[in-house]
Structure formats: C-alpha cells, structure tokens
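Got a structure for you, questions after.
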Amino acid sequence: MNMELSRRGFLKAAGVGVAGTTLGAFGFSELEAAQAAAVRPFKLTNTMETRNTCPYCSVACGIIMYSKGDLRKGETAEIVHIEGDADHPTNRGTLCPKGAALKDFVKAETRLKYPMIRKPGSDRFERVSWDQALDRIARLLKDDRDANFIATNQAGVPVNRWTTVGFLAASATTNETAWLTYKVVRSTGIVAFDNQARV
Amino acid sequence: MEPSPHTATSNPPVSAATSNLTERDLVRRSASTVPPPARQLEPVAKLIDVSKCIGCKACQSACVEWNDTNPAVETNTGIYENPHDLTPDMFTLMRFTEWDNPQTGNLEWLIRKDGCMHCEDPGCLKACPAPGAIVQYSNGIVDFIHENCIGCGYCIKGCPFNIPRISKVDHTAYKCTLCSDRVAVGQGPACAKACPTHAISFGTKEDMKKLASSRIEDLKSRGYENAGLYDPPGVGGTHVMYVLHHNDQPEIYSGLPKDPKVSPVVNAWKGMTKYIGFAAMGLAAAAGVLHSALTGPNRVTREDEEKAEDLVKEKA
Amino acid sequence: MATTSIEKEDAIHPGKPVVVDRYNLGARVNHWITAISLILLALSGLAFFHPSLFFLTGLFGGGQEARAFHPWIGVLLFFSFAGLFIRFWRANLPERSDREWLAHANDVIAGNEEKLPEAGRYNPIQKFNFWAMSLLIIALIVTGLAIWDQYFYEWTTIPQKRVAVLLHSLAAVALICIWIVHVYAVIWARGTLRAMTRGSVTGGWAWRHHRRWLKELAERHRFKGPAAPAE
Amino acid sequence: MTNSWTDIRNTDLVVIMGGNAAEAHPCGFKWVTEAKANRGAKLIVVDPRYTRSASVSDFYAPIRQGTDIAFLLGLINYCIQNDKIQWDYVKAFTNASYVVKEGFAYNDGLFTGYDEGKRDYDRSTWEYEIGPDGFAVVDESLQNPRCVWNLLKAHVATYTPEMVERICGTPKDKFLKVAEMISECSSPTKTMTSMYALGWTQHSKGSQNIRAMAMLQLLLGNIGVRGGGMNALRGHSNIQGLTDIGLMSNLIPGYLNIPVEREADFATYMSSRTFKPLRPNQTSYWQNYKKFFVSFQKVMWGDAATPQNDFAYQFLPKLDVPAYDVLRYFEMMHQGKVNGYFCQGFNPLLAFPNRQKITESLSRLKWLVTMDPLETETSRFWENHGEYNDVNPASIQTEVIQLPATCFAEDEGALVNSGRWLQWHWAGGSPPGEAKHDTWIMAQIHRRLRALYEKEGGAFPDPILNLTWNYRDPDEPSPEELAKEMNGYAVETLYDPADPTKVVTEKGKQVVNFSVLRDDGTTACACWIYSGCFNEAGNNMARRDNTDPDDTGAYPNWSFSWPLNRRILYNRASADLQGNPWDPSRKLIAWDGTKWSGYDVPDIAPNAKPDMVGPFIMNQEGVSRLFARGLMREGPFPVHYEPFEAPIANVVAPKIRGNPVARIFQSDVAQFATSEEFPYAATSYRLTEHFHYWTKHNRVNASLQPEFFVEISEQLAAEKGIAHGSWVRVWSKRGQVKAKAVVTKRIKPLICDGKPVHVVGIPLHWGFMGRARKGWGPNSLTPFVGDANIETPEYKAFLVNIEPTTAPATV
C-alpha cells in the first residue's frame, strides 16, 4: 500500500538524474557473473520496506524501515534497519544523528512491554493484565467524576466541567490518536487538557 | 536546484543485487600480488565539505547503524567529541576545534569528520603482513577483510592519518570501508546518505573534484581566500577528500596532516629492511656453510684429551 | 690470571677421558627454554616479516594465533634469557687477553687454535654473542612492548611505534644472524653441544677451546669423584 | 511555519535567532546550506552561544538571552531610520495607515489601561478609530500622527544601536552589520527568512519576541513570498498536529474556542464571533466560524447535536479561567486540588519548570496514569535514584499505572510537520510484549467508562453516552476512520445553494473540503482546517508524488498541506496590487485578469480582485497587523521586558520586573532570585546528538553524547577555578544540579549596561532512566513562570550560581 509510490521515479523527477549517470560511471550497469565478492553481503536483501516518518522533530523526515517479516501478511515483523527516504522532498534520504539511529529507539532496552501498577508507598512496579489496569482506570475516573463534576456555577449557568482530573497529551502521536484522545477526554468534561506544544 | 553531481540518492535495493566489487577488481592485496584487473572501475571519492558541516554526528550515527557496531557510552571530558577517539566500533568521528582566526579576530568552530582517507597509496596495506587482510579495489576503496586479518596492528603504523583500530573483541583491525557493501550495489556510503547538509558527497572522483571547485569558488566569494581541496599528493591522492576554508593550514582542523605520506620509517621497514634482513641472515648462514666447507669441522683431537688428562693428573 | 671465568658448577672429573662439568641442569633447562623461545619467535616473527614466510603462521594455528603468541613468547624469552644473563654475565666480562685473542682473527676462522691465546670459560666471540644477544633482547623487548597494541597501545605514539617496529625488525634480524653464528659455532666446534645436553664436555674439548678455564679449574682443585657420569 | 522546509532554498538571507536549526533541525537546515550553496544566500546567527548553526554562518552576533525584543525593535528602528522599507507592500498589505483610537498611549514601559493589582490591561484603547461607515479609519498618506506607522516609528525610536548594545550586550558594530544585511531585504527582489524555535517561545514574553520579528518581516515585505516567512521550527514531530486538533484546555480543533462561563448559551458564544470585515470588500474568513463549530459538534455527538439543543452546546465544558494550562494545573496539584492525572507520551518530571515543585505535586496525586513506549522519569518519580531522584517511596501515596504504548514504527497515521504537511505513515514492526496502540488504549478507557455510566448512571453522563462511536471495531477505531472524521462528511445530502437541484455531496460521503461545510447540522467535520485531507479522492495524506514543477520547492502532490493543500500561507502577498509577482523570478501565484493561479493554491478566493481584496483573509481588515489591537496581553507593540530573573534591571523601564502581565503564582514569587544572590545568566537548550529525553534510551545517541554537562566561558572558568571537564555544581533558588564543565571559547562574557554578564549554558537531555549516564535536566533550576499569552515556561533566561564540586555518588 505504501510502496505503490513514485520513488524509483524520483531520479527523473527531481533533477537528480546526475546521480544515475554517476552510478553508471562506476560500472554498475555491467552485470557479468561475478566471482565471490570480498565485500560484506548487502544486508537489506530480502527485507520488507515500509514508509514512515521520523517521530522526533517537526522536519518530519521520510524514513524507510526495513523489516524481517511482513505485517501486511499478518506476520510478526522485526525492524532490522532504518534509513532516510531518498524520495522525500524535505530530507532527500538524509537523517540527523537521532533519525539515523531510530532503530535503536524501536529496540531500546527500556521499551515498555507490560502494564504495571505501583501501589501507594511501594518501591516497585508490579505487572498486571490490561483488563486489570483498564478496569482500575475506568473505576478511578468514574468515581472521581461523579464526586467532583461541576454541573453549574454559582449563577446557575451550566458549566459541565471536571477539574480534579487532568490529561496531558503527547507531542508525537498521530493526528488520529490525537483526535480520538480529544474525543474521549472532551466528552468527560476534563478542562485540564494540555499537550507538549506549550513547552 | 541541487548542485550536481552529489551523493547517489536512491533508496537501497531489497531484492537480491549482484555485488559489483569482486576479487577480480583488486589492484592491491596486502602481502600478496594480484593479477592486473580485467577492468578498471571508475575511481570514486567521498568529498567532505568542512564548510558545510554542522558537526551533528549523523555520519557517526548512520555509520554505527549500517555497520552494526556497538560504541561504548563513555563520559564527558569537557569536549564534544564522543567517543573520544576513533574506535573499532566508531569508524568516523567529528573532531571539533575552536579556532580564533588571527586575521579576522573571529572565532571559528572547525569541525572535521575524521576517518579513513582511502589513500591511493595506502600505508596500511603496505604495512600489512597478512595476505589479503587489506585490499584495494580499482575504484580506490581500501577495505579490510577481517577473515584474513591477524590483528598485528601494523596497519596502524602504516597509516599516515592514524585511522585503523584493533578490536579487543575479535582482534582484527577496523576502519571505514567506504561502505564497500553499499557501493558494490550502487549505493553511496551510509554517512554520505545521512549527512543532513550534504557536507558529505559521494560520486566519481572526477565529479567530486568538480563539485569541490564550485564549493571553493563559493567560499572564496565569501572571503575565504585560502579555500581549497585537500587531496594530498603525498599518498597519491585520496578517495576521501576535504574542502577546507583554510587549505593553507590543514593542521588547524584537529591536526589534519599538511603533507601526509607514508612515513619513511615505515618505508624503510617494509622496504630496505626486508632486503637487508634477508641478506644478513643469508650471509650469516652462507658464511657458516662456506667456512665449514673451507675449514671443515673443528674436532677435539686425541692429543687434546691427553693433554687434559695430563693436566688433571698433574694437579689432582 | 683472572678468576672470574669459573662458575660454581664447573668441576673436573678426572679419568680417561677427563670430563668437565660445564652447565648444571638449571642452566641447561634455562638455555633450552631460551633457545626454543627464540626459535618460535623467529618463526612467528619472520612470518610477519615477509609475506613469503607468512605460511609459517600455520605452525601456530594461524595468523591470529601467531600474532597472539609471539609477544608472550617474547616475554618468556626475555625472562628466560635474563636467567642466563644472571648466570653468565660475570664469565662474559671482557678481559685484556681478549684483545690479543681477537688480534688472531685469521687463526680463529682457520681453526688454528694453537696459535691463539688460551681462552677462559668463554672466548671473545662467545662473549660478543652473549652481550649482543643481551642488548638485542633488551631492544626487542622494549620495542616489542611498544608495538604490543593489545596491552600497551596507549603507551607510545604512532611515530614511536613506527620507529619501534623498524628497530624491532632490525634487532630481530641481527639476533637471528647472531643465532646463526652461535648455532654454526656449536656445530663447527664438535663436542660442544654435549655441554648443553649432558652438561659436560671432555677434557680435550676444554683443553682445545677453553684451556685457561680448564687450567684454572685444575689449579683450584675443582675435582669431583672419578669419571663422572653425565649427571 | 508560514512556508515550508523545502521553500527555504529560495531565500537570500536566513536569520536564525531564537533557535538553533543546525542542531535541533539538521535536515531542515539542509535547505539553508542549499540556499547558500546555490543562491549565494547568507546566514546570520544571533545567539548567546556560538552554536553549530553559527559555525557555518556568514555572520554571528552574540546577544544576552531574553533581550531579543530590544534587538528586533532596534532592527525595525534601523530600517525606518534608513528608509529600508518595502513601501508598496507595507502600504497595501499592513495596517500602517490605520488610525488608532484617541487615548491610546505608551509611557515608561506600559500602554494605557494597566491595572497593577490584576497584572492586566483594560485593552479598550488598543483599537482602530472606527468611522461613521462602520469601517476602520485609514490615512493612506501616513501623515496622521495617530496612524499605526507614526505610532510605531515613535515606539521603536528608543531602540538605537547604542541602546541595543546596552541591553543585549551585542557590540554596536556587530548589531549594525546585522542590521545592514537584513535591511537589504527590503528590496522586492530580496527575501529573508526567519527561522526560530524555543529560543523565542520559552520566555515570559515569548509571543512578543515572535511578533517583533513578524513586524520586521512585514516591513521588509517578506511574508507570503517564496524564501520568506516566519518559520517556527516546531520541536516535536506532531506538535503542530496536536495544536491544530486543539488538545488544549481552551481549544476546539481548528483553532476554535471552548466557551467561557460568561458565554452561557450558544447565541452569546457566537455573538463575539461574527468577525465582520473592518474594511470594505474584505474576506474575513472567520465569518465561517459557526459552520466549523457546528460541524465539530455534529462529529462529536451526531444525532444528539440538534438545532433544538444548540447542537449540544452544553455538552462542552465552560472555562472559569482563561485556561487550565500545565503551570496552573501543577500549581493546583501542589495545592492538593487534583486527584488524578494522565501523561500520554509526556515526561513532565523533566519537562516542566521547578522540578522540586513537580515532584511534590505528583506526590499529592491519588493516582497517575502514564502511557508511553519508554520508561519515563515521570512514571518512576516515586523511585529513589540517589542524588538523581532523592525521594522516599514509602512517603509517596500516589498509585501509578504505567501502560506500554507502541512507537511510530508500529503505528499508522499522519503527523503534521512544521510546514503543515500532513504525512501519512505506515506500520512496519510488531509491538514488543503487550504494548498497544494509543488508539486502542483510549478506546478502552472510553468504552469501560461508558459501560460504567450505562450501568450505574452518574454525573452528567450525556456527553459520554452520546459520543459518536460508530467504528467498525469499537475496541480499536482505525486510523482511516478517524482521519475521515477529521476531513468531515455530509450528514445529509448537500445541495448547491445557488442551484438546489445540484448535489454537492451525497449523504454519508466525505466532503471535498471545508468550503462546503454548513452551520445547519448537515455536515460533520472534526477539524475544519484539515478538511480535504481524506475526501472521496482518497487519503491525500498518503500521496507520495514528489514532482515539483519548475523546482519551486512546493511539491504540491506530496502528502497534504493544510489548509486546502496550500504550501505557503498568505501567498497572495507575493504579488503586488496588480497581481504581478514582486519578484518575477520567484513567482508563486499571479492574477491573469480573471483569476489567481500559479504554483500554489491561492490563499484568497480565486476570483478576488487584487486591488480590492487584501491578502490576509483571516484578519477582519484583510491586511496584516503591525499594531496588534487587543490580541496580545502585553500591548499592541512589543516592549523590551527583562526576564523575571535578570542580571540587570530593565534599562527602558527600570521599575518593571519581568513581563508586567505574565501570570505569577504567589507561591512562586518567593523563589525568584536577584542577580546579587545568583549572578550568572543561565539558558537551556538542546544538543544535536539528542532528542529531548527520548534518545538517552538509545545506545547510539547515548554514546554520541553520554553525559550531562554545562557550558561556560574561559573567563568564568578562570574566575571560579573550574577546570575543563571537571565537576561543577550549578544551583538556582529552586534546586541544584551537578554536571561536567565544558569550558569553551564559544561562550563569551557580554557587557550589558556596563556590567559583565556571564552566560551558563545548560543542555537538557539527561535524567535517571535509560542508557546514557544519569544526570539532571535544567528544569531542576528553572522558574515557574510562563509567557503572558500562552504560558510557555521561561526556560531560556534565569539566574544561577556555579562552583567546582565532586562527582555525584554513583547509584
């Protein structure tokens, strides 16, 4: 779905045709049967490509993620390499030191894997199931909202706000996540709603 | 809009690609001789335009990711260089120099990407005693073949730029390969692709020289009258070249050598010493053989034994 | 007559033939450790010295192994040779008569030992070998450490390493040459080898090559039992 | 950004001030180097530090942090004094000729209407004089002493080069060199671009910093043109999107507002939002506000939003304060008025000022929920990490629920870049362990809460129970479904108002864009400015055609740019009053006698006559504002105010401390320091090797910049006996940090008002979790005060002290 793109056409389109010429000059057009190569085997051979966008700053560089396994076929996919997307008009394949190391963000040892709860006064997290965590959250929300919801102000005007619970949204989630978050949070009357834009 | 030519910007292939760098393309092989290559690949070069470099270390990052190295988390020692030096896990390193330009009185922050220069006349290869541990392709890439490396560190002594490093893990020498595996399938090196400002370009050496001259012209128009291309002839030219704003004093860029060449000491070691050594050892052996032939063995005679017996009798 | 050329273990076993103890067991073990180290060092070192000899690394299991063993053997050699040095440095101190001995170089080469002044425990050529070996081994260990990157990379600069590796190879060549002379001399002067195998030489050998030494031993009544066996 | 990253290639002069693009946005900065290499463009960097941006600049000028307004008004003054103004542009496209009401004045650093007790203004005099025709009075001759031009001229006259040097510490000759280079861009064929970021926003007067540059850009005629503009280099990948979608206390998606208490009903709410044009023939696009608002209500509450119930107007909360921004909310938390808090991909323990206060506040919560792909310091604020987080877990009674979320590589959807491009991306990897998409988590929270309300009833359940939730899989709405809601759809079949037989959009179909939205409840649209992103033509955000006719840098078929795929905002201003481009070599759009066309989607009605309709269609005047009317809390013109913690007193208004209208909480005032106690001017910033507090989890970036440090000048190091690479303690009135000292020539003492000012630079990437070495962030030191208009904390200018110390105890 994301690869039906014009990317191989980029060389023509963006005036980088010289690069093609340059490559030709290396002798790469010759495809004679070669002896065993001394160089390291090309490590992206037979990987899956997926277009994505760097999640760090707002230059929003195009990236290509190379994975073993294809999510679109329902397989488990492991990202093995990430590189700049040469077809992207902004970054043209380049990446900064953060973007160039994105694979190690995906595979960081400190990635979270399971829901955890830390009980009051405890010095550790304990693993819980998603159901336990989410039911607990729903209960906490419901009880607090019912107890502290402000339906009208002193003048009797409906104000329908809830000030004792706040929601701090992110800065790198997708628009779609942001919109769903907006819907869910706004519908409760939470007014302490903010995001990273402020800092 | 793009200055042309520059780094080959197409995305890497994922279908099986034929490697274009084969043993057949070797022009030099350490401690061995190779037959003349059947074809001459177009010489390639990486051009590092120091005047465009922002010292962001994207090249270091991309290099680590592409080459699957594992640099250590060190400390801060009061400078921006990290790791503090090239290591077997860091083939390239931004080196930072805060330089007060005596002519303008302005501070200049000179940031140079250090790494293998891929010399036309590679000192490492010359020094290497292990057959096939260091090779040079006809496009100019000097590559280390780890299966053949014995970890002796002679390449370190041979290199005029202080580049190779020996791994404490597998005891083989590491340095920038110019991403020979990428170049072999028509891609530019990982650092050149990543470089955000196109301070690193990759293409044929001829094209890179043209690109350099346009950059030098731009720099001259901005008042850098000594701007120039660093392609040192002392090592036969290099396949990694720099555009420097102050090409008259390359040493201000964290000690880039002004006129690098393979050290005469190394030349003596890998040259004359070998002949003298073999000659000396041969002469010594030959002298023995000759002497033996002329004089025969020096045997203890019966008379000598008797003399000794007499002496002992006398004294006992 | 100088007295320094006699070692503790030296003794004459009267008999027919006369047998003279020259090297005790410790000295011989020490010597052979040194000798074997030196041979291994030469083999591995020569493998790095010239590509045509690289195949010698096969003796060690491969290039990596040869590279890894060589410096350790060097350390062994150094300490082993140090043992020899401590044993024999006195006996190798130069003497006035050495000059006269050397003045008859032609006779040395021709094997006309009768025309030479009587030699002590070591003749000047042996002494030269001893001191040259000592100095070269010091040079080799110092330059060797300077290029032993696995442990001492930080200790020297690259220009120093370059000089070190050059000196190391030159010293090694010199050492090998001296070793050749040494080995040749042992072979040439028959009856010598047993000094380092059985530990003793015949009286005739001592009379012929180290007469002053023999005389001195006799003079001092360094006799031991009748015809002594090897041990 | 008014323009796009790729447009920077078209510029002649780049001014980086209030940012450090080379370090924080390296791949965007590429277009600066391209402009330099291909157009001979010049780069000016003005910064307290000689940054990596400065290292490739043509000219660098130092400045003391927090004095940008003085510098910028100095530049405006220089341009006015030297007649370096693009007059045709200024006269036609700005409010220079508008006459301001009698009574408006400026004295001693304050405008008319100041109430010291409220720390606020009565802004009624900050308005145009309205003529008998109901329109603003203008004097095109610019002779009227009360016209904006003359007021501006008088206002900036104080900021002479000498005054700039006195306040900013920028040597006069350097300031003049910058002024000379910038003023050249008043030519219609020379363009300057301004690239700024948090170096301007993170001040108690951040909005005014940006306004000052925007005014300068207007005077030079650089807004709406290729290679020009005001280009905010936003920090995070989708901070633009989250702002657009209005995840803020007081916003509705598309920059609409949450009602306040005095807007008791819909009619009252709309009465202040008519946006009647202030000049004849002007567009005043906000006149469509009601369409956007009603369409939003319809998307939220569907059939429950009817004309009879004012489209569920009362389902929205009403604010009793301007906003429950994070500073206010942490103050409330600190006072024990908050019970529960969610942090979705946010790390406030390191991101908000005065960390001690943040720790205390979080400790007073009953519960905290964090959702993040990574371990954050916030989710472990209760955990003892020795000196690095010196807390006693047993005394902290907050229940913490940590939820593992997916990261970008496992997620699908769109991010909005600085240039307003909505770029769709696809998932390529499987999430680790049981990590889940944020959409799944939010849906679960809603579904379970809704189920509880269905079962148990409770406080005003209507907005929850009626929330539109018609997703194919109610447990996990798909990104496409959500994107389609944002684009908007027809609730009923829409007919052309001009021809009722003609169907515009069938019922249930996606609307083509926001031009067809209605205020009668027949359309639904979550975020009107995005409308067009996912219409019946498909997902336009997924487009990846990188053709760029004539290499303008527009890339019109690459993804989707809001609004309406427009790449350069105000692009009508790129042409003169006849509709011809100011610079023919940089044509953007042009008038062909009947319509506008060109490389970009015109930012004006395609048939709007060039000599009649002004280019700034979102303003009621149709022109841009040199005089901001009552829209800024400090006043219609920027004024130099010192930071709340400043090394010198305000030279232009000595009695005023800080920004006179910035909100300060009583509990924080005692923690503001003076320069007697804390003599050194500190600033915080990012380094290129790291991204905020994320990449310290990453082995590669941790190796590239492993350890927390501070940067000081050689002079300060000598004065304090601090050795290169040694440990130092830096402390403010609110806390302390220990760091390695980087002693550098790149920071030099500045002479301000005759006194040397030493700058201490504090980068922000270390904490107590992750792969890099443990350290602190500058927020241990920074004051709890925000910008007067938008409450962005003042991270860029505060006072500290420094001394040598020993290494922290290892944990």
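Points worth noting:
Each chain gets a letter, A, B, C and D, in the order it is written, and its residues are counted from 1.
Keep in mind that, in the parts below, a contact is a pair of C-beta atoms (placed from the backbone, for glycine too) under 8 Å apart; a residue touches a chain by one contact, two chains touch by 3 or more.
Listed by chain with UniProt protein names: A, D = Formate dehydrogenase (Quinone-dependent) catalytic subunit; B = Formate dehydrogenase (Quinone-dependent) iron-sulfur subunit; C = Formate dehydrogenase subunit gamma.
None of the values given here were measured: they were computed from a predicted structure.
Shared contact partners of chain C and chain D, listed by label: B.
When chain centres are set by their Cα atoms, the one at the greatest distance from chain C is D. Remark: chain A and chain C have CA centroids separated by 73 Å (rounded to whole angstrom). For this pair, chain B with chain C, the centres built from the Cα atoms lie 41 Å apart. Distance between chain A and chain D, defined via averaged C-alpha coordinates, is recorded as 22 Å. Under the contact definition stated at the top, the residues of chain B that touch 2 or more other chains are 1-2, 56-58, 60-61, 64-65, 196-198.
Shown for chain A are the residues in touch with two or more other chains, namely 7, 10, 14-15, 48-49, 82, 84, 87, 91-92, 94-101, 104.
If you check each pair of chains against the touch rule, the ones that pass are A-B, A-D, B-C, B-D.
Those residues of chain B that touch chain D in the complex are listed here as 1-3, 51-58, 60-61, 64-65, 70-80, 82-83, 90, 98, 100, 106-109, 111, 196-199, 215, 218, 221-222.
Taken together, the chain B residues at the contact with chain C in this complex read 31-32, 129-131, 148-154, 156-157, 159, 162, 166, 168, 171, 263, 265-266, 268-269, 273-274, 276-278, 280-281, 283-285, 287-288, 291-292, 295-309, 311-316. Against chain A, the residues of chain B that register as touching in their complex are 1-2, 4-24, 26, 39, 41-42, 44, 56-58, 60-62, 64-66, 68, 135, 139, 143, 145, 177, 180-186, 190, 193-198, 203-204, 207. Across the complex, chain A meets chain B through its residues 7-8, 10-11, 14-16, 18-23, 25-28, 30-31, 34-49, 64, 66, 81-87, 91-101, 103-104. Interface residues of chain D, counted against chain B in their complex, comprise 9, 22-23, 26-27, 29-30, 32-34, 36-38, 40, 50, 52-56, 58, 60, 551, 553, 688-689, 699-709, 724-726, 740-746, 771-773.
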